[in-house]
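A, B, C and D are the chain letters, set down in written order, and residue numbers restart from 1 in every chain.
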Amino acid sequence: MKEIRIGLVGAGWMGKAHSSAMLDEQMLFGPDFGVPVFEMVADANEESAKIAQHKIGFKRMTTDWHTLVSDPDIDLVDIATPNAFHYEVAKAALENGKNVYCEKPLSISEAESKELAALAAKKNVINYVGFNNTMNPANAYVRDLVQSGKLGKIMRFVGRYDQDQLLDENLPITWRHINKLAGCGALGDLGSHLLSVSQFIMGDISAVNAMKETIFPKRPKGRDSKEMADVENEDIISLMTRYANGAIGTISASRVATGRKNYLAYEIQGTKGSVVYDLETMGEVQVYFQSDDEADRGFRRVFLNPKHKGYSAFQPAGGISIAYNDMKILEAHELFSALTQGTPYACNFEFGYKIDRTIAAILKSADNGVWTPVE
Amino acid sequence: MKEIRIGLVGAGWMGKAHSSAMLDEQMLFGPDFGVPVFEMVADANEESAKIAQHKIGFKRMTTDWHTLVSDPDIDLVDIATPNAFHYEVAKAALENGKNVYCEKPLSISEAESKELAALAAKKNVINYVGFNNTMNPANAYVRDLVQSGKLGKIMRFVGRYDQDQLLDENLPITWRHINKLAGCGALGDLGSHLLSVSQFIMGDISAVNAMKETIFPKRPKGRDSKEMADVENEDIISLMTRYANGAIGTISASRVATGRKNYLAYEIQGTKGSVVYDLETMGEVQVYFQSDDEADRGFRRVFLNPKHKGYSAFQPAGGISIAYNDMKILEAHELFSALTQGTPYACNFEFGYKIDRTIAAILKSADNGVWTPVE
Amino acid sequence: MKEIRIGLVGAGWMGKAHSSAMLDEQMLFGPDFGVPVFEMVADANEESAKIAQHKIGFKRMTTDWHTLVSDPDIDLVDIATPNAFHYEVAKAALENGKNVYCEKPLSISEAESKELAALAAKKNVINYVGFNNTMNPANAYVRDLVQSGKLGKIMRFVGRYDQDQLLDENLPITWRHINKLAGCGALGDLGSHLLSVSQFIMGDISAVNAMKETIFPKRPKGRDSKEMADVENEDIISLMTRYANGAIGTISASRVATGRKNYLAYEIQGTKGSVVYDLETMGEVQVYFQSDDEADRGFRRVFLNPKHKGYSAFQPAGGISIAYNDMKILEAHELFSALTQGTPYACNFEFGYKIDRTIAAILKSADNGVWTPVE
Amino acid sequence: MKEIRIGLVGAGWMGKAHSSAMLDEQMLFGPDFGVPVFEMVADANEESAKIAQHKIGFKRMTTDWHTLVSDPDIDLVDIATPNAFHYEVAKAALENGKNVYCEKPLSISEAESKELAALAAKKNVINYVGFNNTMNPANAYVRDLVQSGKLGKIMRFVGRYDQDQLLDENLPITWRHINKLAGCGALGDLGSHLLSVSQFIMGDISAVNAMKETIFPKRPKGRDSKEMADVENEDIISLMTRYANGAIGTISASRVATGRKNYLAYEIQGTKGSVVYDLETMGEVQVYFQSDDEADRGFRRVFLNPKHKGYSAFQPAGGISIAYNDMKILEAHELFSALTQGTPYACNFEFGYKIDRTIAAILKSADNGVWTPVE
């Protein structure tokens, strides 16, 4: 049994989610994969740091993350700051030889992510990015269907991630609308999740042809403000894709998609079968096999069950709901397994860099209106 | 090629539907199964009779159906009158040795239906009741699944037929609410369709235990009337069943089922598989096979296709909508085939009597609150 | 009452479908909108022409369509030939001053369609293209939602038309794969239907950026042949769109879309509401209104009912299935109304030309990989 | 802030689930509602007790629950034993003046539950039964719709809880099949959950008319055994109901329902609206309002969101999956709130007794085949 001493940077909702997932990991998998010790929490806001310390039970707190990343009693730096700070915290942590767990995205630019991926490889530490959707048992199942050849040659990936959280034009401007804080708009916030799923299941995208649209180009500066500020990035992104495996596809994302709440949905068509998935009904995957008798052939509504990787951690029988938090628990488990047992993991900084490289190509294509290679 | 000279009794919506289906049968199947000749239409309302004659192209019309049923130039008496008249028209037609096509129900009482079934058998003519749902390719497919043993031993049938057409308490009283005209309420109007499907797929019900409820016991005497009249029969019927094949089940029907439009829906559970069907999405059947691999197992959403009996008359490929009228066309085709080629058919007067016998047992059970055998 | 003397060119499945729809129109709407008289049928295959004459009841037949289009006793030339012949038959019919009813597409090239549209306008005759999906009560309802402003400013149209009828790589080559017969592939066969719906509801597309893919570039020359022939056109088309109304979108179509049968599906997102529709469940439209209370807000599953244009011709109450044929009946009714009463109609040759113009721009864009204006 | 010293009886899956939920409650709601202290765990199996002590962090363990229930340092006895032991442990705990949290069912007989409810009332301690489905935000939302009158007068409740976990006839006999351990079969295991939901939303059932069926009357004595043992209780239960509020209904449950995994599904029809819910798609409720315009009226697919009680503990925006565990967390929160702040709660021992009283009436009715009053 090995203790994993956690240093959490960022005491907001996501920091709590990470810590909660680590505790649940412990309850579900036991101490064999490491025991989390909540060593220190850092947040620039002292009040927030103290509340987190109190609620989660961190031994120490600080308002200066530099203290944390260089502390000798920290094994794992857990980064749950706003996106724009991921780069500098991760860089400092790596330079101190720490293992790093960084919430997605890795950074807000291709260049920063490239630097971090290279540095992590050089330092030879565990470097993990929290693209939680890759932990979803549904996506793991689909990946198996695709990579085993059960669906034949893959022809097409059609995916969308739509939400309507920013539909109300009276919602004030936030960091999400400012590029130096967010990098980009719907593409980075939502599209990146879909890209991570696409990458996980389909492998590399080789070229993209994209367009973007800002539906609400100005938003109020504050709740009751009549002054308006510029929205700097896209509400909607759309693109056509070519994959290294020969497939083609379309991907889009909107943060103003009226009626859609958490519609990370995709369809994969192969010559022998197809799958359809929608995160709004997280616990089921539609699967079609061309080899079924024609009279009885149709998309099968498969509820997640213990045959699908990760599910049995939560329930002994199929068809019982699992949730967002459960993906984070599986993420914590994969991270802990890597830390204590050296097991491999997909979502390393190289993976995060690949997503950010793809995002850069998409933005470039959207500016130029032409096909743009990734890399 | 043989002409089938039609005598239609009842010139309303259903009479038009029958005639239209016969014409379409002709277009789809051609003259080999008989050519309908619209010989005579009868309706007590002269205006209605004349309009039907004109629109459908009947050679002759009459306001007295006795004339029609005894006319030597009629081969087939087609009964589309209000339900309460089915008995006397069918009886007279049979006594004149005519082939008879009677819209469902066969009559409004067990006794009348018994008499008609016996008379039809004695006269040895074609005697057909229009339980159109048995013509639905979906139900034919399910019947095959059940009777072939593909679903294993059948354990349970759970069915409902819900509509909300009579939900509005201000809708005036109609013949449907008066027992001497309708026989009973939701059970006869809606439940009988479900019983026909159940009978067709599962075979005989051996015993029932039923309850009934009238939600709106009084309705206005007319559109603008403030006078109220008694509703004599049930808005909702519910029952538990035992089948001759050993299965059990529940059946219910409501004509005040808020939100339900044409919800003739059922689920059949066998030891090796299950099916779920809902007439509101007429073109698809959900099928589950226990023998599928557990990882990939789920209800298959099977769209009707040319492998299912009757479908290929309408479309060359699967997944294209068919409709209510198409069931009536298949009904006309089965009737014409019986008339010209002697092919067998399920929905004869004996079948209609069986449904009415079951209805009688259900009503008796609902009055007494105990298990009641059918027959 | 006015007779409409029909001259049908092409005695195959579609010719029968047109004739059947005209007969049903008569049953449903009566003679006030004109009475079809089946005057003459033309088919190069004498056997086919004779069978159609016999089954449908045409007075005369010919193997030379030139005879038909110049016959003085023909009021309406009904073109149901293979696509490649639409142009010359329609042109000759127009030159003879005939009213013309042409199955979609209008022709197989932008240039031909342009010429036909101009000629039809000059001749001032009824000129109708059978884009039946515009007759679907569901699409009429969605059009009302969009054009009334109930959905607010329209942001996005996402549409797909997927089928898997050509998935089997052993299916031999047909006219659909040869450009001089088909014009193009999935775009012309399937995509054109979706474009007609998009045009009908959203108005003009102003620019496109497309890609195309041929999954099976060679197919056997015949059923048992080992010789292979080149497939000349696309199995899959994908495009991004900009609409004249300011919206953006994506459209795609595949004829090798494993598991999809008749998936003409689209989503329209406006600032006040959204709709989702899928032709595989033809009788229901999903509608979302942002103005509903948040606690009770969600996509409404609206079954077609008498409030939706066209539906009440078929059923007196909502939720009962209508079908492909019913769209053709409504098409016949709109055509007859135009012929006898001068009522306006949307799907004229100008409409057909607009679709073909859009197709031309899409193909050009797919060749060049850049945004291409329509017109 | 107040410590809640937990004594857990039963160290299996459910004991872990309770403890995990308490920890998560802490992370989500913070110490204001009490801080759980894991004081002691009891399990007859020493090994199990030790593992639980280690993993969950209990200070002490014992193999004799009598020690635990009388320990002065225990505030709350948490009962997660097999069902048959609930009664004696709960009784002893109450007699020692402890607050008691008992997993459902309260006991396995009406008489035992009656005694426990009376004793709990007399002792004036917190007495909580873990009917977790009442904590589901979906059911809380439906309860509001029903009790606020938004759905009008309630006419009907149609519910089913189907699973197929015991479908395989080769699965050996377990405690679930033996009445002295389980009380009854599918009714107690599954039906009781549905009864708790029905009770929570609809209030009291006044009378029932039930039937039961055992599909597999014998099962192997063990995994590899050829000896067979008698299954003493029902695989399927079905009943008709009358509610104190005037509504009627049907309820059924099966543990051999091929294809159904966690199908706790119900429909409630009121004169002004209806709801449909299915636990397999836990995060959405279908709601229908008769007051919507007819053209736009349909069941609304409402995703759970922060407007629904309990949801906002987990997610800041709607449409994100919550799960089984989350209901247990809300249960822990209601329990802790009751313990530390005296807030009211529905699922007390009286509630548990009411469910067991209803079960007793159902079993009696099934034996006699007649309507049986509840109480």
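Throughout what follows, a contact is a pair of C-beta atoms (placed from the backbone, for glycine too) under 8 Å apart; a residue touches a chain by one contact, two chains touch by 3 or more.
Model, not experiment: these values are computed from the prediction.
**Student:** Spell out the chains that contact chain B while also contacting chain C.
**Tutor:** Shared contacts of chain B and chain C: A, D.
**Student:** With centres defined as the mean of C-alpha atoms, identify the chain lying farthest from chain B.
**Tutor:** A
**Student:** Can you compute the centre-to-centre distance for chain A and chain B, using the mean CA position of each chain? Integer Å is fine.
**Tutor:** 54
**Student:** For chain A and chain C, what's the span in angstrom between their mean Cα positions?
**Tutor:** Taking the mean C-alpha position of each chain, the two centres sit 42 Å apart.
**Student:** Would you please write down the residue numbers of chain C that are in contact with two or more other chains?
**Tutor:** Answer for chain C, listing residues that touch two or more other chains: 260, 284, 298-299, 303, 305.
**Student:** Touching residues of chain A toward chain B in the complex: what are they?
**Tutor:** Counting only chain A, the residues touching chain B are 141, 284, 286-287, 289, 292, 294-303, 305, 307-308.
**Student:** Looking at the complex, which residues from chain A come into contact with chain D?
**Tutor:** 13, 16, 19-20, 23-24, 26-28, 30-31, 54-56, 163, 165, 260-263, 279-284, 303, 305, 314-326
**Student:** Enumerate the contact residues on chain D facing chain B in the complex.
**Tutor:** The touching residues are 151-152, 155-156, 158, 160, 162, 167, 169, 209, 211, 213, 215, 236, 238-240, 248-250, 252, 254, 256-260, 269-274, 288, 290, 298-299, 369-371.
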